[in-house]
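Same chain, two partners: chain A is paired with chain B first, then with chain C.
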Partner chain A sequence: MELLPQALMDGIMLGAIYIIIAIGFSLVYGVMHVIDFAVGEWIMLGAFAGFYLTEWTHVEPMLLLPGVFVVFAAAGYLFQPLIHRVLSGHRGNPLLMGLVFTFGLGLMFRGLAQTFFGFYSHSIPSRFSNGSFFLQGGGFSTTVSSVRLAGLVYALAITGILHYLLKHTDFGLGVRALAQNRDAAGLMGVDNKRTSAFVYGIYVGISAMTGVLIGMILSLSAKMGPDFTIFAFFVVVLAGMGYLAGVPAAAFLLGIIQSFFLIYLDPGYTLLAVFAILYTILLVSPRGLFGKGV
Partner chain B sequence: MKRAAWLALVAAVVFASTSRAGEKRDFFKVGVVTELSGDLATGGNVTKRGYDLWAEAVNKSGGIAIGGKKYKVKLYYSDAQSNPSQGAAAAERLITQEKVDFILGPYSSGVTIAVAPVVEKYKVPMITGSAESPLIWKQKFLYTFGTIPPVNFTGAAAIRTLAGLSPAPRTAVIFGSNDTFSKATAEAFEGAAKKSGIKVLKFNIVPAGQDLTPLMSAAKVLNPDIVAFGGHDEELIKLVKSLRQIDFTPKALLMHYGVTEPAFVEALGKDANQTFGGAVWTAAEKTKGKILWKDAPTYAAAAMKAFNVPADYTQAGSSAAGIAFEVALEKIKAAPPISEAKRAELIKALETVDVETFYGRVKFATEGDYYHANVGLNPLTIQIQSGKVAVVGPGQSAEAKAQYPMTRWDKR
Partner chain C sequence: MNVLEARGVSASYGDTQVLREISFTVKKGLLVALLGANGAGKTTTLKSICGLVRPSAGTVRYDGRVISGLPVHKVAELGITLVPEGRQLFPKMTVEENLVAGSYLKKAKEKRKENLDRAYAVFPRLAERRTQMAETLSGGEQQMVAIGRGLMQSPDLIMFDEPSLGLSPLLVEEVFRVMRMLHEQGLTIFLVEQNVRQTLRIADYCYVMENGRIVQEGNGRDLESDPRVREAYLGF
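This part shows the complex of A and B:
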């Protein structure tokens, strides 16, 4: 019992990391119907951008996040037509084409990163990394790491901003229309190519910022990508493919399961537990936790 | 006409293969199977630097002297991609296609265990300059040798050093990542702790690459004197950051390989200080080499000049693997290409190698649980002090006093 608040807190903080790695991934699947297996590599490239920028400018990495977002969003916007080309035309099974293309892209990014950035692991120094709070009350106590709390705030802020963008702006209306029916949305004046490029840009920008945060909280290296791709995929499948609103709940659930397993049960079976729960939920509700996935 | 073309092609292939079987060359073909890409690429490239430096030094000296003539060495790399099955395939390709004379082995224990049966099948000697799991040696592969002693030999020494500190640590929590080397490291820590009278409050093997913060929270509640962890570079960095984030400073933090990698200090800065580790060689060690480099500092300087990265014990062990082959080849006067009979002779010669090198003494065990592992070295306990590696034990080898208990994270 003594550890319960800490287990919950660690799970929530872990869940926050999962939200930010999965939310853009879910958005892109919902709109473009692309399972982007390069998500981990976008995160990795963002992490390296944050690492080098911090090293060169000595600026607090949290302050660099908007700049990283803009640069990577622009890169994603310019990159998206390439993916669009792979998915369109007379190619059979565009879902598979997108998956294979992004998988290859991920491999290429990883190889290039190993060549240019080397093999060593790094960490992004931040003034938030060093602090923690000790909360106590009602017979319970828990330690909260400042940098993980910053990650949680960031995850909730990104979720809130995306929610506002999708539900309360014309752009969001277009995005939702595209996600529902691409042809009908086109007939109503939604520019598929342009909107998809914006969505992909937003996703790449969010992923890159996530990379910077992960570099502050954990570590970064050229080979870090695949672990995050797998967890992004887990969360999105659990939430329901393309169902953005389900991502936070699914991410927190995964984080808390992992934390409880690591603390109370056998840590060796943590990933097995995550797989088993994912499998069971998909068996009972194939469209995710809320039954609202594609 | 078409049939004639086919016949000509078959004849060409047959001719090419027969001429290959009877090939003559004036250099040694040295196969290298290591992890040049994938999760273990950091360590794989450390071994590559060690092997490259040895080859460069041998060739600079004219080559390996066999019966009055010197033969240069040429390295043939094959990437194990951090994957045991790819490693086995890579070794098979080097042996059957490149026809290498002998092999310098992988960085990781997992890949080494997969490669060992392949070299056994084709009867090609292999020395790994890195793998440390005791499982490799327990299987008693005739054709596999290693220059780094098994981790149960080296890891236990670090625990013994900690047990001798004052106030003596009484409790420990021990974790290991779920790969061959890390698991063996954690088990070695556990076994030595029990023998030293240190109570192990928690012992877990965890999936590789996980965020271990919740597990460290559980450890914090137990408040052990020692936190010991078997893992690789990135995991060690994450673990220190986790401890810092939950504000838990044990009296001693012990890891193993990875602490001596420059990336560990670079990534963690002040937080890397006072972390203990195990090693079998440091750049300042007082060794006396007879071949290629006269002592550890000379080797370290050559490595720094070649790669601009400080050498650690894995890199040194990899270069020493080349030296062991050199000594054995000279002893049996085996000129390239080496026949199967000569390779069998080479195994016998390797078993009798007993040589002082810049890396220390290289002498392979010929029986027992350490079969074909190098047992000529003394395991060292090191600690990061002011960003540098300092030997703090065992007693006669210590060059600095252990900083113990650890200074709280927020007081650094």
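This part shows the complex of A and C:
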């Protein structure tokens, strides 16, 4: 019983990480119609960037986040036209091509990372890792490390910024227009290629930053990617494909379910258990938790 | 002065040729109409002007500059607006967000507030429904949003693709009233319609299209008295 509050806190923490991963993933799907199966590898590459930068510079990794974002966002922006090219070939099914292409990309990143970074697990040392808070209430008590709390604050801040960007700026208006009706967006003057490249850049930058955070809170290794890809996919499907507003609830739900299972089940089965719950929910409501997906 | 000029424009979807060397001009400040039966190629004509379809031959010029082959957003930047067939709204945006999306470009952004007021003045019904999601609007209301969104672009040339399609007679009147008003304000209009009788009445010049070709042209009165047009489109 005393594990419950701890599991809840861990779940909220995981959920917060899943939110930011899944929002980017969902945006890319909405605007580019690409299910990016390389998302976990962008996270992994970001985590290694954070790891080595911290090792070389001894700067607090939290402070490195903006730099990691800028570098990876630029990389994503420059990389996007290649994906666009792959998808706009006249033969074949674009959605499938996107899946296969990004899957291959992920495999390649993972292989290269194993060659250059090795097979070992690391973690990124942070000043925040030492401190912790003691929370008490209603007869329960639990401790939360300050690095996790910082992670939660970071995740909520990123979510807030993205929300603002999408809902209250003209760039966001263009992004939503593209996602909802590409031709009409073009008629309004929205530049599909440029906007898509920006969206992909923002998504890669955020994924990489999140990788650094995951490296601080949990751990990082060349093989860490696929778990996060799977969860990003789960969250987006649970939220309803393309229904961005459903992402936070779906992410917290999956995060909490996962951390509860981690207590009671062999870690090898957690993913299966989470999948079973996802599947059951989809049986009842095929278009996601809120029935608003596609 | 010719604002819009198409010369020998052809277009295909895959192997099927839909436009066969069509030529037409739209002069500044005029309301020019393009008539024709279902499947004649009217929508394709508009799409090849605004960059949604790339012509396989021929050129489209706007103010003397070749625009065929430009991507759609570049054509929009030149001040050409299409109010597309079937409304093509942003379904998950509110009425107001749809209208504001029309002022995405820099030039229109500067007049956003003024144009929004104008759109609500033209269609007071939209003001009542500004926070309603576009997908839940009635067909007529959606058409008002589509027209309003086009006006938000502060266009120099506005093209309408069957704006009266599926509307009640009262609303058809309303849409024609708005087009007449825009025409009187000096806007250049290129109108695709199946509502031939009303269109002939407001158009300065008309083209008639059949199977991807322009088969006839003239001013409204000439066409109205033309036996072939009477038979094919007016039913008497």
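In this text, the second predicted complex is superposed on the first by the 277 of 294 C-alpha atoms of A that agree within 3 Å, B and C clash if a C-alpha of one lies under 4 Å from a C-alpha of the other, contacts with A are read in each partner's own complex, and residues count from 1 in each chain.
Methods note: a residue touches a chain if its C-beta (ideal position, glycine included) is under 8 Å from a C-beta of that chain, and two chains touch if they have at least 3 such contacts.
A quick note: this is a predicted structure, and the numbers were derived from the prediction, not measured.
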item	value
Fit-or-clash call for chain B and chain C when the two complexes are aligned on chain A	fit
First, second, both or neither for A:P81, with chain B first and chain C second	neither
Which of chain B and chain C A:S121 touches, first, second, both or neither	first
Partner chain in contact with A:V190 - chain B first, chain C second, else both or neither	second
Touched chain A residues, chain B compared with chain C	B
Which superposed partner A:P267 touches (first chain B, second chain C, both, neither)	first
Which superposed partner A:V147 touches (first chain B, second chain C, both, neither)	first
Chain B versus chain C as contact partner of A:L14, first or second or both or neither	first
Which of chain B and chain C A:G172 touches, first, second, both or neither	neither
Touched partner set for A:Q258, first chain B, second chain C, both or neither	first
Closest Cα approach, chain C to chain B, once both complexes are overlaid on chain A (Å)	37
Residues of chain A that lie at the interface with chain B and also at the interface with chain C	none
Chain A contact footprint on chain B (complex, rising order)	37-39, 41-42, 44-45, 175, 178, 204-207, 209-215, 217-218, 220-221, 233-234, 237-238, 241, 244-247, 261-263, 266-269, 409-410
Chain A partner contacts - residues on chain C that touch it in the complex	50-52, 71-73, 76-77, 81-82, 84, 88-93, 97, 100-102, 104-105, 108-109, 149, 153
Touching residues on chain A, where the partner in the complex is chain C	170, 173-174, 176-177, 180-181, 183-193
Residue ranges of chain A touching chain B (in the complex, touch as defined)	2-3, 6-7, 10-11, 13-14, 17, 111, 114, 119-123, 125, 129-130, 132, 134, 143, 145, 147-148, 217-219, 221-224, 227, 258-260, 262-263, 266-268, 270-271
